[in-house]
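Following this line, the structures themselves.
In what comes next, chain A is part of two complexes: it sits with chain B in the first one and with chain C in the second one.
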Partner chain A sequence: MNQALLPIVRSTLIDALRRRDLGVVAILMWALLILLVAARMVGLEQPTTGTFLLNLSLTLVTFSAHMIALLVSARQLPEEWENRTLYPLLARPVARGTVVLGKWAGATVMGCGIFIGLLVPVWALVPQLEFYDPRTLAQLITLQPLALMCTAAIPILCTLYLQRALAVSVALVLVFGADFMARWAERFPLLYLLPNPLRLNLVLRYTDGIGPLPAGDFITLALAALLWTTALLIQSILRFERRPL
Partner chain B sequence: MNRRRGHSWALRCMVPLLWAMASLWAARIDPHAYTGGRERDETERIRRNSSALAAMLGEFRTSISDIMFMKTERYLHGGVAYRPHHSASAPTAEDMADEVEEHQSELGIPDDHAHKHSGVPTVVPPPNRDFRGWIGDLHRAVRPWRDPSRAHIHTDGRDLLPWFRVMTRADPRYVRGYVAGAFWLAQEDREQAIAFVSEGLEHNPDAFELYVSRGIIRLREARMAEADRGELDPDIRDRWMQARNDFRRGAELALAQRPDDVDEEGFGSGGWGHYHENDALTACRMDLLITHRFEGPVAMSKRRTLYKQTFPELADSPPND
Partner chain C sequence: MNAPIEVEQLSVSYARGTKRVTAVQDASFTVAEGECVGFIGANGAGKSTTIKALMGFLFADQGEARLFGRPAKDPKGRQQVGYLPEVALYYPYMRARELLTLYGTLSGLKTADLRQRIPAALEQVGLGGREKDLLRTFSKGMQQRLGIAQALIAQPALLILDEISSGLDPLGRYDLRQLLIKLREEGRTIFFSSHELSEVESLCDRVIMIDQGRICKEVTQRELQAIGQQQSLESFFINTVREETD
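Take a look at the complex of A and B:
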């Protein structure tokens, strides 16, 4: 399985690197980095402005990582079908589950790469004039890959049930609208069942200068993300195995 | 084959189980459920938004809420764009309560509202001040415009309730959206207005303006109930006490947040404006008045001693027996 998995992950990454959406993110992030360098050179006097910049930058980094993971993941299986490249792939001794896992892992790695690759320069460039708890940062960095795993799994399942455009829309709503919908959960309890990878986003907590989550809450959130991802992947594999080619 | 099918069924059963476990666990935890924090601090927020960088970039959520607020204000003036005519950047809860009387006048109850609100300059200037000539005439003809020497027309803001809802959904920290929305909602349904402000307080537990706003709504409810029944039964007394508690909590928060260097016009460091000052005073005054009525002058006097250290003008409010 490992022998087949790694080439699929690699091909997913190569495919993602060729796409325009990565270019858009790169332009956006270059603009942000130039702004940060300029702010650094001019010098920020107010600590609140530094916090504002840090919050804005980290929010953009997180958003970009989730967006790329979602788009890369949503493209994988539909394009394989449309281009008919899935048939030669499955003609080899590769299990269908491995294909799903490989595609998902590729999208996750891409999202994590964007996250870490942008987090480091942003964190280094933003002048930190107020106290930010490093333990919260550690939790933030630990939880984000788990959130990205979940984000990458959602569109894979959606594309197995829905048409591509609709699947992307549903995945976007589920990933970026989950926090918004959760506000109505008291009135409509079924909304509690929606996955909410952005619940693992601790950017605001970090820039607000608040300490880390209690250990129990941190572990619970991490486990919830793992369980959501596992459930989504199991359902995706089962669906893909039964789906006629 | 059967073994494989059984395996598949086991996995199928596992999916909803894992899903439910994850969702229920995660629902219990909100990483943003903490008190304090820089983003929620109104003073910090004003300071942050006054920086050049924030002005250039804007905070997306804040911008959305601000644009919506401007739109609602324009609608309230019958589509006419007036220049900002409050020296404060946000209406006070007290101002909003005063507006009840203003809007009653539009329903046929006479007062001098029209005189109070005339002479405010419009964004599109009047002909005698417009250097653009016929272009200015055209501008006034195609845009909603009203001679600024005449009184404002105020439309009924109840139509705007969905906007206030969206405004506060877009930015749950937008305190003035809650204050203004609750004011209009209270014209329709006070219970919902109280729920709306309470929601605002969940997101902004330190916003004393919201306590003042809720206190005013509860006070009005208590007054009307008392007038309707003609006596002070325990239920009505309970409503008065709820209003008193809101004013008291608002006063405590306001005194804790008020800077020491507030000038005569009510402006102080850290973005403290006269609207903060007015709401702080309202909270203290109303707490004293209700305490005086229900707990007597001695209890009131104790509170007044506390408040008059900050607000010496409260020394004679309410008058001693």
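Take a look at the complex of A and C:
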């Protein structure tokens, strides 16, 4: 299985890297980096302005990574289907589950690459005039790949049940709207069960200068993301294996 | 030793809206090692459905399709199979070399083998020197040639080719015919569907005809030659299908 997984991940990455949607993120990030360099050159006096810039930058980085992971993941199976490239792919001695895992892993790696690739320059450039706990930053960096794994798994499953446009919409709501929907969780407890990968986003905690999550909370969040990802992928594989092509 | 292709009383249906349509009914045939077999039928007769069931893309309602003795859905059965789909638009943002690397690696080829085989496979289908070109710049005919290259990349023992000459110009068809003759002489088993009956007539050891989901006739090369003296395969095919319909 592993031998077949890597070429699929690689092809997913090649395809994603040459598309225009990545160009949009690149333009956005260049604009942000220019802003940060300008702020550094001019020099900031108000610590709160530095915190605002840090929060804005890290939020943009996180959302960009999730958006790219979601979009890359959402187009994988529908495009294979529409262009009929699923046939030569599955004509190889490859299990259908491997194709699902490879596509998901490619989208996850893409999201993680965006996150780490942008986090480093942003963090280095933002003038830090207040104390931000490095342990919280470590937790933030640890939890984001898990959150991205979950984000990439949601559209894979959605596209196996719904038309592409509808699947992307549902995935967008589940990834970016789950936090918003959680406000009604007291009235509708089932909303607590939404995957909500952005629950693992510790940007605000970090920029507010709050210390790390207690170990129990941290492990619970990590396990919840892993559990959701596993459940979504198992259901995707089962669905794809039963589906006539 | 198992035959490369065995189809036994295969029935396949698919959903069209709320109805189930039976596309293939009770089809049985075998393709022996080294044989070149043509699979012909009108549009919608069930050729592609049979081939898809054989490749494990569609599931049988009844009966079984086997590749090298393994059930169609077993990926190990496809180890020695090269498959050309009816129409495919290969990844527009990939290069020809990257595409063949993907398919070759999935077929179990090592990097060193791929380095030799990719230029050779592209040369074989008339795409020599296009390794670094993005696939979105390829015309329909070039995509079909690339499809043949991906089917050949692992030098499979069995080739299953669906609508082989679709999208090819006369020169492309001629090149393809020469390639198939060479592959047949190398001892590869070839099973292909085509609407080009002259191509089928000139290449095949045996022809299987399908009409309305049922195998209606199997004709060997000797019978083909006898037919050729009286009438073309095309008129034989049309008469056979009309008899079946009546």
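Simple rule for what comes next: the second predicted complex is superposed on the first by the 245 of 245 C-alpha atoms of A that agree within 3 Å, B and C clash if a C-alpha of one lies under 4 Å from a C-alpha of the other, contacts with A are read in each partner's own complex, and residues count from 1 in each chain.
Convention: a residue touches a chain if its C-beta (ideal position, glycine included) is under 8 Å from a C-beta of that chain, and two chains touch if they have at least 3 such contacts.
Worth saying up front: this structure is predicted, and the values here are computed from it rather than measured.
Enquirer: According to the stated criteria, A:P88 is in contact with first (chain B), second (chain C), both, or neither; which is it?
Expert: second
Enquirer: Could you look at A:D15 and tell me whether it touches chain B, chain C, both or neither (first, second, both, neither)?
Expert: second
Enquirer: Under the stated touch criterion, name the partner, chain B or chain C, that contacts more residues in chain A.
Expert: B
Enquirer: Can A:Q3 be said to touch chain B (first), chain C (second), both, or neither?
Expert: second
Enquirer: After the superposition on A, what does A:T230 contact: first (chain B), second (chain C), both or neither?
Expert: first
Enquirer: Give one of first, second, both or neither to describe whether A:F180 is in contact with chain B, with chain C, with both, or with none.
Expert: After superposing on A, A:F180 lies in contact with chain B but is clear of chain C.
Enquirer: After lining up the shared chain so the two structures overlap, which partner does A:V25 touch, if you call chain B first and chain C second: first, second, both or neither?
Expert: In the superposition, A:V25 contacts neither chain B nor chain C.
Enquirer: Once chain A of both complexes is superposed, is A:L56 in touch with chain B (first), chain C (second), both, or neither?
Expert: After superposition on chain A, A:L56 lies in contact with chain B alone.
Enquirer: Both chain B and chain C contact which residues of chain A?
Expert: Correct list for chain A: none, the interfaces share no residue.
Enquirer: Note which residues of chain A are touching chain B in the complex, please.
Expert: 39, 44, 46, 48-49, 51-53, 55-56, 130, 180, 182-183, 185, 192-196, 199-202, 204-205, 207-210, 213, 217, 220-221, 223-228, 230-231, 234-235, 238
Enquirer: How about chain B: which of its residues touch chain A in the complex?
Expert: Residues 8, 11-12, 14-16, 18-32, 34, 36-40, 44, 47-48, 51, 53-54, 57, 59, 169 of chain B touch chain A in their complex.
Enquirer: Under the definition above, what is the set of chain A residues touching chain C in their complex?
Expert: 3-4, 6-8, 10-11, 14-15, 18-19, 83-95, 244-245
Enquirer: List the residues on chain C that touch chain A in their complex, please.
Expert: Residues 14, 52, 55-59, 75-79, 81-91, 93-94, 98, 101-103, 105-108, 147, 150-151 of chain C touch chain A in their complex.
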